[in-house]
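Both of the next two complexes hold chain A, though its partner changes from chain B to chain C.
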Partner chain A sequence: MLAYIARRLMLLPLILFGVTILIFIMLQFMNPYARLKLYVRSPAELKGGTDQLDRLLVKYGLNDPFWVQYGHWLEQVAQGNLGWSETAKTSVLDAIQNRFPATAELTLYAIVPLVFFAIWMGVAAAVRHNLWADQFLRFITVIGTSLPIFVLGLFLLMICYGLLYRHLPSLFEGWFAPGRLSEWAQAAVRDSKQFNSITGMVTIDAILNGQWRIFWDALGHLILPVVGLSFSGWAYLQRVMRSSMLETLRQDYVTTARAKGLPEKRVIVKHARRNALIPIVTLVGFTVIGLLGGVIITETIFNYPGLGNWTAAAAIQLDIPSVLGYVLFATTLLILINLIVDLLYTVIDPRVRLI
Partner chain B sequence: MSRRSHWISLIVLVLLVSLALVSCNQSQKPKDQSQQQQPPSASKETTQQPPPPTGTTDKEKPTTPSAGNEQPQSPEKKQTSEPGKTADNQKSCEASQPVGITPTTPETTAVAGDIKNPDTLITADISDIDSLDPAFVYDTSSGEVLFHTYDNLLAYDGPHPDKFKTMLATTIPSVQNGCIKENPDGSVVISFPIRTGVKFHDGSELTPEDVAYSFQRLLTFDRSGGPSWLLLTPLLGVNSIEDLAKQIEAKATGKNTKDLDFKKLGADSLKQACERVLGAIQVNGDKVEFHLPTPFPPFFAVIAQSASWAAVISKKWAIAQGAWDGNCADWVNYHDPQKEKDPLYDKINGTGPFKLDYWDHKTGDISIVRNDDYWSGPAKLKKVIIKKVNEWSTRKLMLENGEADIATVDRQYIDQVDGMKGVRLIRGQIRMILNYIFMNQAIKAEGNDYIGSGKLDGNGIPPDFFKDVHVRRGFNYVFDWETYIREVQKNEAEQAKGPIPRGVPFYNPEQKTYHLDLKEAETHFKEAWGGKLWDKGFKLTAVYVSGGDDAKSALEIIRRNLQQVNPKFVIEIANVEWSTFLSKSVEGSMPLYLGGWQEDYHDAHNWVFPVMHSKGTYSEHLGIGTQYDDEMASAIKTFDDAKRQQVYNQLQQQAYEDAIAIFMVQPLGRHYQRRWVDGYYYNPIWPGRNFYVMSKKPDAHPNQEYIKELNLEIKEW
Partner chain C sequence: MKAQQVKTETALEPLAPPTKNQSFWADNLRQLWANTWSVLKQLFKNPLSASGFIILLGFTLVALLAPWLAPPPERHFNPYMIPQDGYSSTPHPPSVQHPLGTTQNQYDIFYGLIWGTRTAFIIGIIVIFFTLLVGIVIGAVSGYFGGWIDEILMRITEIFLAFPSLVATMVLVTILGRGLDKVMIAFIVFGWMAYARLIRGNVLQAKENTYVEAARAAGANAARILFRHVVPNAIFPVLVVASLDIGTVVLGAAALSFLGIGAPEGYADWGQMINYAHNWILGTNDDKLAYWYTIFFPGLTISLFVLGWNFIGDAFRDIFDPRLRGTR
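Here is the complex of A and B:
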């Protein structure tokens, strides 16, 4: 297994090289002036004369051949510098380091209910195949899969922040508000004498610092994005779990187990559910990758400062250092999580061997 | 069973939808039109675009000149409503004891039961702070932060963009008080006596050396695409210090400046360029002198408060941070740095009424806190937080819940805010912005899809299609301002009368303008190209930047009316990304496209130059040529206002007769705030809002005197 892991990890630099060089090649199809969009956002910024554009081209080396540009970037990366993110107004590395904990925290809180409810309800629906519970869950999952997250997010925001928070402020003080923390909590977190940031995940750091008010405040801010994300991700996963479970329940070994007189609960939990989990593990892997990579719409609606917001803005503004930095990060994440998923197969199904 | 489950699900869904709809209605329905104040002769309705709310209405006559030796003759002694700020103008060019330094005790804000965060003002904006270095900043969002944290030599008096009062200088220079001296060779020296007793945020005291260093650093810093040209032009006659160094090298070597590479210039040339900068701004005792080679009437407007580039920083502090030390031997090392290498990029140490609290790069939020030692008296608010909230629904709910005191409201959403309980609208603010449709008289033909066949054969246009004045006039006559303002701008704009907008000195209110007249258009099109155009017709592609629905509608109006005039006149409309637009505009390949301008300083020169000068930002790529250059040069090199008025009237008339562009509209602005925000008023030249004059209290109201003076309309719910 170690050899397998080593082989997979050795592929990583090669893949990263391929992906980044592909981006640089694609950039060559773009007029260098067009790439100045990042530094010149409107004609108003050219008031000093359009020869300023030529100065900018020289300054950022946008007129250089692509291998020169790529070489500069590679040299920079080799020194541990991913460049400057014009979108985040900080270095790319800092941008990732600043935002990833927020995204990871959101993922952590979203993935637990998402997976738990998906498996639980998927199994419940399969076991009660075509009964009312199955029909009801089908209806809810259809809503979950067809309701775009921006609709659901706004819906939640209007009900919880727009209605509950406004009309029952004493009850919901600090809850459902956009952002990651209330003003007072942000001030406290920023004060290094009061609060020691260890993981960057506010709820966990609050526990570690024994700051329970901050913990509850952060949790209150997490509720809506977590509900929104979980609901839309849950629905799809539940449908897959149900199908997989239904298929498993029809297998001969399940019939054999029943014929042997095993209790139904044991047949489902021990024999059927475990085998039905394999496609779910793959999907959960992809879901985690998707969540950790940043969820643009959810973060935008709830003004949550995660990776998604930043990456989308960077791509729109042609912030190439940011895009490249993010690609490096996301590709590494993708490969590592895929590796973990592969390893998990062996845990779930002992027949699987990694060679 | 399954039917029952469907019913249960349906009921749950209906309940959820009802809840959401109730929420929506509560925010949209005007509940209480408790107060409506509409001053007489209110101007047309207004609009607010994403940029900061700005605008005033304006008198019906040309405003007074902004600077020059006439300016100080109207010494603005008027005590404004700003606490502790006085408009003092000395009789002589001598430094005075600090006037208006009596710090007022911060007014205790009444803590009403339902005022959220009574000492802190929170805004929900879509602003994106670019940098905090005054020499780097050239955008309004960053400018707004610097506006509150740094001071300038002069400030604007209240809401008037053409009246000055002293700030870090103790006197408004004039010939009469001896602070402006005209030399026999035509050069001018302007002296500013510097206020004493003013402290930077770090506690150090302001000196004239700090003032001189701030300007010298700006000129040598000269970042590409930055604001340094605004002072390089009047002080050294160049747009860039690189050009100055090249000129010096060219003179020494006999080479052509175009053949010189700045990075390869000799050390002597570089040093001389720097010495020219030091020579242009000098300390003389307690004064700082600016040496101008020729008169430059808008000089005060270029350096007055709101001009973030002219903010005064602490020399000692800046050097300690790693900025240029003022030595001419190594200025190049600090010239045009990339943002990440600028040591003052995220730091502030000014003399302004607020200090930097934090700039959160994760959220984009920035917070400033009151400077209790402010020389002109501390602000009423303890803290201001400018929050970056990109999503409109979130901004709206924050305003509605009182979590935000001020919010940016795009025009398409104003219906959702009008009538919102607890909110006040102030509208009618004239904005110093003009929108144009440009007609390129020298289109680059090579590989250009926008001009079809490239010939006047009915399937395209020749590159010099718009060279014929009748074509340009014809296009002006087919534009329907009335419909555009009513339907597209929702009556929140007014027709531009030419290149100079209303409210700017030397604007001519009597200037003739075009209007929709298809008969006139037909007449001109028949005369164009010797009658060939009418017979053959034409086909071209007009371009606007993606997302600009207003721009698209404007082009649709032209397309529809041209078709009515002659069905052979075909316009296709294309939208392009800003990046493409940028490269195409530099190429000069777009025949017909939209553009806009927002002023840097309040003077006619800043308006005519970009669209009429051969080196103007737009006109350079429109093939307009040098025909207006001399007139512009004569107007900018004299303090004689009568002469300037005459020249600018002439230029406005020429812009009309030559139909150099379709001068579309000057938008009006709106500002939404919670009703507990007090003291608001507005000056169109400010980069944003003025938090120094604001506070939060139960019986709050905007600055009544100024609101009335500006004919702004207030609505409260």
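Here is the complex of A and C:
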């Protein structure tokens, strides 16, 4: 077990090395002047005509051989200099730090109910195999896996925001609206005398500050993005949970448990569900990774000011340092998630001795 | 022989090794068709997969018949560019002239969806063809030669897999600079890994067969053994998986077009049509859903397309993993 963890951890730098090499190779498709944006610390450096640009080329060693350049670039990245983000008008690292809490908040609100409901409903459907509850859930999940996130998001916006919210503005005060907060709440959050920003996640900060109106406002804004982001993931996970549960229910040890007279509920919860959860662990990892891509589309649709929205805006403006910053961030996160999933596997299923 | 039967566990017959008297390609094609036909027969037994097949057949017909269903106006040099009826930016509701209405900038929705079907198939088929090619070569070489070649190629595969796919394609498109051709390149560069792994596994099994040994004894060189004896016997499951991925590729490309880094302005592309609808989710004050048609028809089209692939994909999973049969 320990040897396995150690081996996996040793692989980590190797994969990161490969990933950075690959990114750097992709960058070679750009001309050196365009690549300068990855090195400067502010746009002011780039001003001053071609002479200045040529000077910068020499300064940052963009005429050097590939490996020297790569080493230099890696050093910069390791020091946290990812270049200047034209879209955010700050350095890329600051932009990521500023926007990460919003995306983390959205992802957390999406992943927790997603996993919970997927497992619960997957088990419920398997237990009621081919009864109406199962058929109904099957119908919903087919829709869930077939509606692309950008279609679902626009439908939701049109019906909830365009119709419900505008028909009954007093009932849905500030709810369903795009963005992260209503205007009054935004002003209140910015006012540092009244509001301490501790985690950067508005709902949690609002609770810590005791500002319940802001909390409800933020929650109301989160509903649609959360549904849009998690629906397809939920549908997929529910189906896998269901077939995994059906498979487990047919095992001999479940029959044994029933034969020895255990109550059905205990059979399902203790004997069947626990074993059916094993394949879900890997998939939850994949789902989180899918959310890293999903936030780009979801945040764009709902104009939610997080990492995804910023990355999409940057991609349209061909602002490469920003997009690259996000990919480095997302890839590192993905590698870590994969590592955690692999380790969890050994904990959950002792039969897996991965040595 | 035995190893392969255990692997696929289906009613499919393993490809027979080519004999001296038969032409290699005719033999393999006949076998491929026999396999495909047996899978199709199983598809039609299940009502869901049969309806999925019919949906996709409908889309194929629309794509093929596009010039007749939505004839491009005269002196319109590129049929993939949606004709504009005037320059008003506000969408107009369905009418006789525009059966599904016009979207932003007076692009005809019906025309865009019909020709967008062609775009979708072209993107899907080109991307899958080249990803398969790359995947097959890398996977086959890796599995057949083994040793350090295998080690290096599989580590490279892992590095490519370390990227979240949508994000990775986005970066490459941004670097290469917008456009559907760039989108296709990005999908090929970041799409071959699963096929390489799959074909490697199958090659590992297929290369143990006695006819491979016989070919080697007869003096065939490595390339000939690999691509005429081993790969044809290891390829079918990968072909199935890849053909099902067309739906995923189309969806991914639509997502990039939706974000505005795929199809150029005015190009007939589903993602682009949905991108236009983004500005019109709010109706007027009198009619709160005034512009419903801008999102409804493109959304329905793309969802139906994905639904068709999903139905077939589910049936394939049943066919290839018989343990799950009857659990759906």
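As a convention for this text, the second predicted complex is superposed on the first by the 280 of 355 C-alpha atoms of A that agree within 3 Å, B and C clash if a C-alpha of one lies under 4 Å from a C-alpha of the other, contacts with A are read in each partner's own complex, and residues count from 1 in each chain.
The criterion applied here is as follows: a contact is a pair of C-beta atoms (placed from the backbone, for glycine too) under 8 Å apart; a residue touches a chain by one contact, two chains touch by 3 or more.
Bear in mind the structure is a predicted one, so any value in this text is a computation, not a measurement.
**Student:** Scan A:Ile320 for contacts with chain B and chain C and give back first, second, both or neither.
**Tutor:** Only chain C is touched by A:Ile320; chain B is not.
**Student:** Return first, second, both or neither, reflecting whether A:Leu292 touches chain B, chain C, both chains, or no partner chain.
**Tutor:** Second partner only, chain C.
**Student:** Touching A:Arg166 in the superposition: chain B (first), chain C (second), both, neither?
**Tutor:** Both chain B and chain C are touched by A:Arg166.
**Student:** Under the stated touch criterion, which partner chain does A:Met30 make contact with: chain B (first), chain C (second), both, or neither?
**Tutor:** In the superposition, A:Met30 contacts both chain B and chain C.
**Student:** Touch test for A:Thr300: chain B only (first), chain C only (second), both, or neither?
**Tutor:** both
**Student:** Tell me the contact category for A:Gln238 with respect to chain B and chain C: first, second, both or neither.
**Tutor:** Touch partners of A:Gln238: none, neither chain B nor chain C.
**Student:** For A:Ser230, select first, second, both or neither according to whether it touches chain B, chain C, the two together, or no partner.
**Tutor:** Touch partners of A:Ser230: none, neither chain B nor chain C.
**Student:** If we overlay the two complexes on their shared chain A, which of chain B and chain C does A:Gln211 touch? Say first, second, both or neither.
**Tutor:** neither
**Student:** Check the residue A:Leu157 against both partner chains and state whether it touches chain B (first), chain C (second), both, or neither.
**Tutor:** both
**Student:** For the overlaid complexes, name the partner, chain B or chain C, with more touching residues on chain A.
**Tutor:** B
**Student:** Kindly list the residues of chain A that each of chain B and chain C touches, one partner per complex.
**Tutor:** Shared contact residues on chain A (touching chain B in one complex, chain C in the other): 30, 154-155, 157-158, 161-163, 166, 300-301, 318.
**Student:** Hey, which residues of chain C end up touching chain A in the complex?
**Tutor:** 155-156, 158-160, 162-168, 170-178, 251, 254-255, 258-261, 271, 274, 277-278, 281-283, 288-289, 292, 295, 298-299, 302-304, 306-307, 310, 323-324, 327-328
**Student:** Given the complex with chain A, which residues does chain B contribute to the contact?
**Tutor:** Residue list for chain B touching chain A: 1-2, 4-6, 8-9, 13, 16, 19-20, 22-24, 26-27, 117, 120, 122, 129-131, 138-139, 224-230, 239-240, 242, 336, 338-340, 346, 358, 361-364, 385, 389-391, 393-394, 397-398, 400-401, 403, 577-580, 582-583, 585-587, 595-598, 600, 610, 615, 617-618, 620-621.
**Student:** Which residues of chain A touch chain C in the complex?
**Tutor:** Per the stated touch rule, the residues are 14-15, 18-19, 21-23, 26-27, 29-30, 138, 142, 145-151, 154-155, 157-158, 161-163, 166-167, 243, 246-247, 289-290, 292-293, 296-297, 300-301, 311-312, 314-316, 318-320, 323-324, 326-327, 330-331, 334-335.
**Student:** Quick one: which bits of chain A touch chain B in the complex? Just the residue numbers, please.
**Tutor:** 30-37, 39-53, 55-56, 59-60, 84, 86, 88-91, 94-95, 98-99, 102, 130-133, 135-136, 139-140, 143, 154-155, 157-159, 161-163, 165-166, 177-180, 183, 190, 300-303, 305, 309, 318
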